[in-house]
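In what follows, chain A forms one complex with chain B and a second complex with chain C.
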Partner chain A sequence: MVTASETNAVLPTADLQRLLDALSAKGYRVIGPMVREGSVVWETIRRVPDLPIGRRDQQEPGRYRVEQTGSSEIFGVVHGPQSLKPFVFAPREPLLQIERSKDGFTTSPILPEPDKVAIIGARACDLAGLAIQDRIFLNDTYRDPYYAARREGLFVIAVNCTRSLQTCFCASMDTGPRAKTGFDLALTEVDDRFLIEAGSEAGRDLLSGLSLPPASEDLAGEATRRIEACARNQVRQLDCSRLPHALYEAHEHPRWDEVAGRCLACTNCTMVCPTCFCHTVEETPDLSHQHSAHPRLWDSCFTQQHGYIHGKNIRPTIKDRYRMWLTHKLASWIDQFGTSGCVGCGRCITWCPVGIDLTEELPALLAPGVQPSIASQQMDNA
Partner chain B sequence: MANPYVIHPATIVEKIQEAEDINTYRLQLVDEEARRQFRFKAGQFNMVYLFGVGEVAISIVSDPDGPEVLDHTIRTVGRVTKAIADLQPGETLGIRGPFGEGWPLEEAKGRHVVIVTGGLGCAPVVGAIEYIFRRRAQYGSIKILHGVKTPHDLLYRERFDHWRRAPDTEVLLTSDQPDKTWSYHIGVVTELFEHVTNDPAKSIVLMCGPEIMMRLGVPILLRQGIPATAVYVSLERHMECGIGLCGHCQMGPYFLCKDGPVMRYDRVERWLGRTGV
Partner chain C sequence: MSKPEAQRQRPRLAVFKFASCDGCQLSILNLEEDLLAVGQALDLAYFPEASSDMKAGPYDIALVEGSITTAEDAHRILAVRQQTKVLITIGACATAGGIQALRNWADVEAFKQAVYPSPEYIQSLSTSTPISEHVHVDYELWGCPIDKHQLLRVITDLVVGVQPRLPGDSVCLECKRRGNVCVLVAKGIPCLGPVTRTGCGAICPGMGRDCYGCFGPSEGERKGPGLPPNTASLATRFHRELQLIPAEVVRRFRGINGYVSPFRAESETWGNKA
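And now, the complex of A and B:
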């Protein structure tokens, strides 16, 4: 691993197409943020104007808007609903080809086709999420061959954040706003220039091919100042210092009832989360009942079926499921994987239709509980 | 590393009806190489697959010394098990496994073994009992306490009779809804816990069944001086992948398909009985 400071350069924003072309020349399909139906999604990027130039996203609990700014800023949009997760842990993918035969069946794995994908515009929180998913799918007791195959072809160009959303709290989670590891290249947009840094051999290789002049100390300093200001401007934070135990101890806290009264169990938070990894496998034979692709799809702990076991449900109520999700994300994840399951991206806050905010819920759950009756009265009066 | 999702076809060589809605399927892997390589520990489970229907986690009840034929006792209770119930010998199921942590049978050597089971919970421990009997001299006394709701729920009746006749072995059965045919104890299994062992410090407990039995029963055993670190419980949750990745089987910080299903009591004590865990 190369440290960022070993290789850096300056790239005028007007020359960004050179980077896209260099990636294409190396056989990468370039994916970047693109405005679609009022949101920003990952799409194939061929030309710089495909990117959301002159746009900014405004995010608040339960609210997402993409606005025109009229500026020439290229990476003004921080993020859309998708993290990097769908590129490595596919929302739906076949696992096996199962063929019925006269006296039984045969199975063979369907591994993803090798695909070189370069993603431009990943944020530090997304990289932190990717690192956590790597830990789960590649470095646990079992190695997931499907994840491994997708991960191998991935080239990541991070963009350091110089603007925080209302919903961001990566600074308090120590995952951003600067991308520290896990990227091949990192860009920091400073007016009409990018500071471009290599974070891997592949990144350094690509960067040297661009023959760019080294970045001045002034540019690097200005980039750092803007990233630091971005961290200071974050209005949300999460204090995880008492976790996991304090949340384990809060299992009977009345706040769970209160938040369950607002939660719709819609699963949005788990779908947009960069780290949620629950999945299920479907057995879906074709109409001839001769072939089955045995697909794996994302699951959510908010569904009825998640806790089902022969005739009963371990988590029948929304309270049980919200508690499962938050306790897993912030507490038991630490015991399981040595890290929080939260990277501070704020997506679960934005994309929650009723704006449930875990940075509000956690402190409330760790504070001494009030009587549920009083809490509900306060709700009624609000 | 081998792809942990690959399913190996297995032929039903025998189907034994244990009760109206419970059958034991004796399965043999079709692929000779897979059959030769298959090794398991008592208490581990397989994902059993039926084409077009899906998979279900089922513990292996047969003797780990004879892994050529794998016995799975299945209660007809859900979508997959209902479809499996229609199958007959000669038909094909699939197997992925074995998965999970089994019973601590090495650690149990030299100790008195107390086995406490309730209902169909006795299935995952049957292989462990067979294993111990094959190495009888290496273990102390054996006490098997088994509770059922009704006499109708008593499976493996002839095995209990067989074990009862073995030296230095005690088998106590109880039913809390007995009928006239019931000649054993009446009540719940925890009522059999008085003096389960004369030497609690040198005893080990293997427990399997409803969680309420563990929650109410284990404290009684601990009061008799059996250390919490010598009590093992086999736990059940929704298991889909068997490899700790799909997320369904969590109990607190544990993935029961990978860290369990057999867990040392002191590790799970705080999670047992918590609602929604």
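And now, the complex of A and C:
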């Protein structure tokens, strides 16, 4: 029987090192947020002071800043550009080694042998993104062994959000700010204490090893109040109630031209998106032409090459590409995977160099638009 | 299936220099451990920077460095083309006119008078132009200097007879693959990465600096399968949010590849506002 003391506990923030040490003792490399080059990125964490204590991130369209608050808050920074994606779907990894033989060639798969990794500081939106990528890469029929090898041993310590960024809209996507599933442990920072909850057998095992006192109802209640307040404070939202069909019907909306005038097709939105999974493969032979590696790299539906298909580019213009991305992300993703491709993390808004905001674009696209004139239709077809 | 070494005729490689600093040619010598393999796969027939044994053409592959800035060079490049099967420009000068193409917006005669005691000895055209304005170019390697790994890759592909792969993606794609923090978003500095071609390994943003476009415009300069990059949107961002005055926007785009059409058009648009 699982008792309350095994599923939740209280840990003074001053004792967080005990948790890091317990993970290290189990052989995990602990990865957490660290300030670098004006943002937080995932780095190996050895001591609590490695974490961005007393810092907060301010995010708005096309702008990210980390500020000092002078407080002792440990997880005041909500997130940086990276979701959990790089840990499971590597930005660049070898798939095969190809060797020329007497009568052809041989191929041998190169499966990753990842470190045992524990990530501390994942947010509810990150977990929602991971769950969507699991559906894509671990689908029974097309199980990706490279993703699976990285995913298998991942130990995830979520941090429930008690502060929303201007760019957050997870509440409207029903993916946060509280982490519901997909974590081993979840922390909620309440002043000088953490409420710790276990979400898996491995999490319960680690928690019981820490021999912490169970959390009081007061602490659990205060944690819930702060998470709910965080949800209420979100200023952005996405109304997906008319999707997918309304977006299909907006295929010729004049708003696409407007947003294409701003879009750089630079791929940043897709790179920071926790769910975007496009990739390409390359052949990298050496000069002797006896050996070749066959790596997989992150790719994006915004590149020119991505739309190139047997002699023709099917998405030559930036308008084609933005429309393809947004329609897939918010609409056809539902048909394809049974869920929206958006988790409401807001990264595509912040990390767009020109600050394009999909929570502005979707309502504009679903509003009645002026019918494109015959002249502009002819230009499209030209 | 490749033939045994003895039966195979090694392709003849030539390296020509026009108006340039030699840095791209040095990238070949900087291949270091791969240089022996290049020497085995190719006959380095004409490469004055590396060897005084300069063999006459014809050549299978010519790497051309530098831009055309003299009447003599404008003739010489025709001769290079005539004795070359595959002509590849290496670097910003040969591909786009280089930093010396800044003269295209200036009065070269006035420069001569100001700099030289006997300006009548200077035989120079009033413009610096890319090789492609003079002869047909088969492949273009961008960069100041070029990336030696990209050069090796193209040579490898040509030796075996496949189409070289030269990605036209933005620098941003490579920054994100490498885990670089975006300097434009996180520091507010006017990075040209979103409209610049990858191939460099995103070196400058990786060191916390802004890209200054030395690999030229992403997706190429001409309307083709893709479009020229959306420089207008980025320039507007530089001006409105990052508070660059029009003259500074002009300088951003009028750099090492300032004469290549998308960057040239953008700088001229903002030059009219300055």
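Please note the rule applied: the second predicted complex is superposed on the first by the 361 of 382 C-alpha atoms of A that agree within 3 Å, B and C clash if a C-alpha of one lies under 4 Å from a C-alpha of the other, contacts with A are read in each partner's own complex, and residues count from 1 in each chain.
Keep this in mind: a contact is a pair of C-beta atoms (placed from the backbone, for glycine too) under 8 Å apart; a residue touches a chain by one contact, two chains touch by 3 or more.
The structure displayed is predicted, hence computed values, not measured ones.
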| item | value |
| --- | --- |
| Combined model on chain A: chain C and chain B, fit or clash | fit |
| Contacts of A:96 with chain B and chain C, given as first, second, both or neither | first |
| Chain B versus chain C as contact partner of A:143, first or second or both or neither | first |
| Partner chain(s) touched by A:310 [first = chain B, second = chain C, both, neither] | first |
| Inter-chain angle, chain B to chain C through the CA centre of chain A, in degrees rounded to a multiple of 10 | 70 |
| Touched partner set for A:242, first chain B, second chain C, both or neither | neither |
| Partner chain in contact with A:62 - chain B first, chain C second, else both or neither | second |
| Which superposed partner A:336 touches (first chain B, second chain C, both, neither) | first |
| Contacts of A:289 with chain B and chain C, given as first, second, both or neither | both |
| Partner chain(s) touched by A:225 [first = chain B, second = chain C, both, neither] | neither |
| First, second, both or neither for A:328, with chain B first and chain C second | first |
| Smallest separation in angstrom, by C-alpha atoms, between chain B and chain C in the superposition | 5 |
| Shared chain A contacts, counted only where both chain B and chain C touch the same residue | 282, 285, 289, 299, 308, 317 |
| Residue ranges of chain A touching chain B (in the complex, touch as defined) | 95-96, 98, 100, 103-109, 136-137, 140-145, 244, 248, 251, 277-283, 285, 289, 292, 294, 299, 301, 306-311, 314-315, 317, 319-321, 323-324, 328, 332, 335-336 |
| Partner chain A, residues of chain B touching it in the complex | 1, 3-9, 11, 30, 49, 51-55, 75, 77-78, 81, 92, 94, 236-238, 240-241, 243-248, 250, 252-253, 255, 258, 270, 274-277 |
| Chain C contact footprint on chain A (complex, rising order) | 36-39, 41, 62-65, 80-82, 86, 91-92, 261-268, 271-272, 282, 284-289, 297-300, 303-305, 308, 312-313, 316-318, 350-355 |
| Touching residues (chain side chain C, partner chain A) in the complex | 2, 34, 37-38, 40-41, 152-153, 155-156, 159-160, 165, 167-170, 172-173, 176-188, 191, 193-195, 208, 218-219, 225-227, 229-230, 232-234, 236-237, 241 |
